[in-house]
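By written order: A, B, C and D. Residues from 1 in each chain.
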């Protein structure tokens, strides 16, 4: 149960079977940093090319295909004051006929002042009717995951069963995320911090910023899952990553119905009935090549009905 | 500003330019009842064929194409103790490969005891690991809307810009819903009460039940909207009704970005930027022929930034 | 087996249970005309509002829900020289990011000279690098079908299991189309002639023109089908009408696999195996609210393998 | 313009920046072999793990990002008599409700005798009502392409702008395919031969078999394309690879409208008008993680109108 302080010296824009930067054991904690989506660090200096550069990979001793890797986000904090956003909706989130009404000159970068002590993000530029809009911080990681199956190396622009660029605002401090292990050592990567983000990441960014992070890994040997899962104080949740949204929702729902039966003692009719009246969905992103839908179930509800693990 | 007590004698399973059952004026209130999705009334007697039978249509004096009809749900209450659900997930909400794993014998009706005084729904049948699961009521209407454009009469199984079978759990007491008016008198219909419902209506039902309802109409002359809109205590929201989910989300987002600009004093860059970091989405249904995505914006946030109507 | 000469005096822009314009019997032939999509007749005079106005409905004696109506297109001919098209791609058929590259000023009507004797369509306007492009005619009907189920009246902009605006270039002279009967008398409608059309109707029109038509009906009592089917000299085919394309393809494929088993003596493994290596798909339209995918199987192949009806 | 005889000794199940097996020059020809999708060679011996194993990559001297690589399939021939197929439709190509009707016991391998001299494929197993169905060969490659962008290594199960598992029956002998070059040397891979295949590869296989192949490369320096393009005797064509089908069609159509303007002298209105009335679509596959839609334009037509390269 060691704690490792790790300072990254290089970054990856694919999730794949890259050489590990650190070997850690089941139960270990890592304290490290991430650069922003454009490759700028806590000093806002560009240290690596853009595209959600990832810190890692971290090799988890003894992790093997067929296991599950649990990662708890102990601490996720913006590490500088400057954050940025895009300021135009992605063309794919509006009716195709409406795109022609977008002002063509409006590609401006949004600039934000991030005050971690105050817990606020304040819009500095551009000048709009929003003025100096101030929003509460909700720091989260946009892109993280493990090496995908089959020796693939997949761009940090997209996501899949291995995680990746899910851009879900609920992946925040205190959450534990579970991944299927596809490669020896699992090879965990993380990056793309957002000071906050709306549902769907519909302008193509959250408030992009560098992070100080701390996470703790746990290895569940011979525990087989198919899509990313997670738990927070109030819910268990699954992530479906695919296009279109319909398929992302199918992936997430299928993983949840499996989970309810394998770990919560529910028979099929019970699991289906519970989901029918109590499921909650959230939309992670509708911007990236693969979209993300989150399927959630209340932990309070699950405790009432039955047989927790 | 009259109040009308209306007792329905027949019902419709299409939304169309049917003969009005009552003529009401801008500001009037109607107290009436709805049968359940299967056509059973408060005494659980079948009084009309199944398929989300609708009470109405109510002709709103002076409403004309190009106007907007506002309907406030003053009161939405289950009117009997017996509610029912399906107990198997719809095949379209899971991965196609997973459908073969559904038990083939499991088409059982779920039966629930609805206690309005206690605010609870309790599962009575079938016997599952859920036992006598008790859930808090959240009464809502699944299907309601106005006559569609072009003289169409469209099944209450589906939805569109005129409303219809949106099956969104947020259409509950206290909400005001806005519809484009397509036909003289608008012709408002309502039915398909649910004691509660999960996101997506993924078993194909909420807890289906008859309702006592009270609603109040308001006519916004020469106010043009394109998709259903609504307001509750905390949010303004738009509804996109289409398949696939991607298009439903496009409709809802497009309507919201228009609304922010026309009524909340936002310039395009301001509206896009605000949506990017602050939009919330919910999934109404992923079961009906047209799915429903809800796009939401916090009223508190809107009040802070600007120029409310 | 009468032949009826029918001159329409009014038209419909919904397919629904409208009053029949003519009652005909099983085996009867009708000789009539259709106006173009904009409501203009053979003299290019506007005689009815636009929107794929339909001639009909024709009531087929003895047709009842659960039957199948067969309609053979004996003759489909443009009835004037003037045809028109749109000249800009529909925004939904290109990448959303590409729409911004469309010239904004280019909404011009394409005008074509249709020479039925020569079998040609020649582009007259606008002036483009295409010059006086001359194409071979392939006359077809874009929109036709029967009254939909449940007393619905559905816009001629869209399509479904009842037919409607399928805009498939293969619905031409010599084809026999089969529809499920949903309403007493089936209530057959037809209109929206195209002198020719590309796959997908991706500018939103074929070459729109008025038609002289002759068709013959046949009633298949107690023959149950679920989606439109058709036969021509070389193929049997099914039409799936839905959004997105994926679902249209699912509808068409499902109907074909059923047909192969019910009428061509194939066991499930035989039907699946044959489809796997021999199926052909065409895209009817990707413009209308419901898209259309055609699933085809070679008649020669079917004759070789087995047991024709 | 050398001709290289190359005998593969290992294979790849990802397309990525793997070590080249051979360096070739612009204009060179390669004569080589491919194993079947399951990793079996011309002697039907398993020589590598399954999953569309690829021969290559071939490094094309001087090829650099921003160029286009042309590959002409000079010769594509099955190299043994034994071919195999699946015999059950993929669940995603039928209506979700229909999947429950699939016989659950029917997962049998189809076995076929491939007679290259006679040009036929004959079904040997399983026993079905198809009997000894004999089909004409149409040999094609299912999976081939170049290394993708950004240093990715992507599974041969799927496809993208770099090509990959497109499973389009028109990628046959005599076709020239064009790819964007993303990596130095382009790194061309090929494999997954089919003796024949239906549209959509809807059982998840063509008739899978090992191949003898000959291809010739040509390098188009500083020619920028975005999606795979191809030419055969009768058509130019573009391939869109994505899910859902709607997006695959958007990619293909966008690439074609660009091509018509850049290389065929068409103005935007001319290109849009021509596509509107003359475009042809084919469905490559609807089975793989990314689907494939082919957009085609007749070469005869293009020669008539204009200004060929």
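Heads up, the rule we're going with is that a residue touches a chain if its C-beta (ideal position, glycine included) is under 8 Å from a C-beta of that chain, and two chains touch if they have at least 3 such contacts.
Because the structure is predicted, anything quoted here is derived from the model rather than measured.
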Farthest chain relative to subunit C (centres taken as mean CA coordinates): A
C-D or A-D - the one linked by more C-beta pairs in contact: C-D
Centre-to-centre distance between subunit D and subunit B (centres being mean Cα positions), rounded to whole Å: 47
Averaged-CA centre spacing for the pair subunit D and subunit A, given as whole angstrom: 34
Gap in Å, rounded to a whole number, between the CA centres of subunit D and subunit C: 32
Multi-partner residues of subunit C (at least 2 other chains): 92, 96, 102, 244, 246
Touch-based graph of the chains, sorted into line, ring, star, complete or other: complete
Residue ranges of subunit A in contact with subunit B within the complex: 85-89, 92-96, 98, 102-103, 106, 108, 110, 121, 123, 126, 128-131, 133, 135, 196-207, 244-246, 249-251, 253-254, 257, 265-270, 272-283, 286, 291, 301, 304-307
Footprint of subunit B on subunit C - complex, ascending: 13-14, 16, 51, 149-155, 242-244, 246-247
In the complex, subunit B residues that touch subunit D: 90-92, 96-97, 99-100, 102, 104, 244
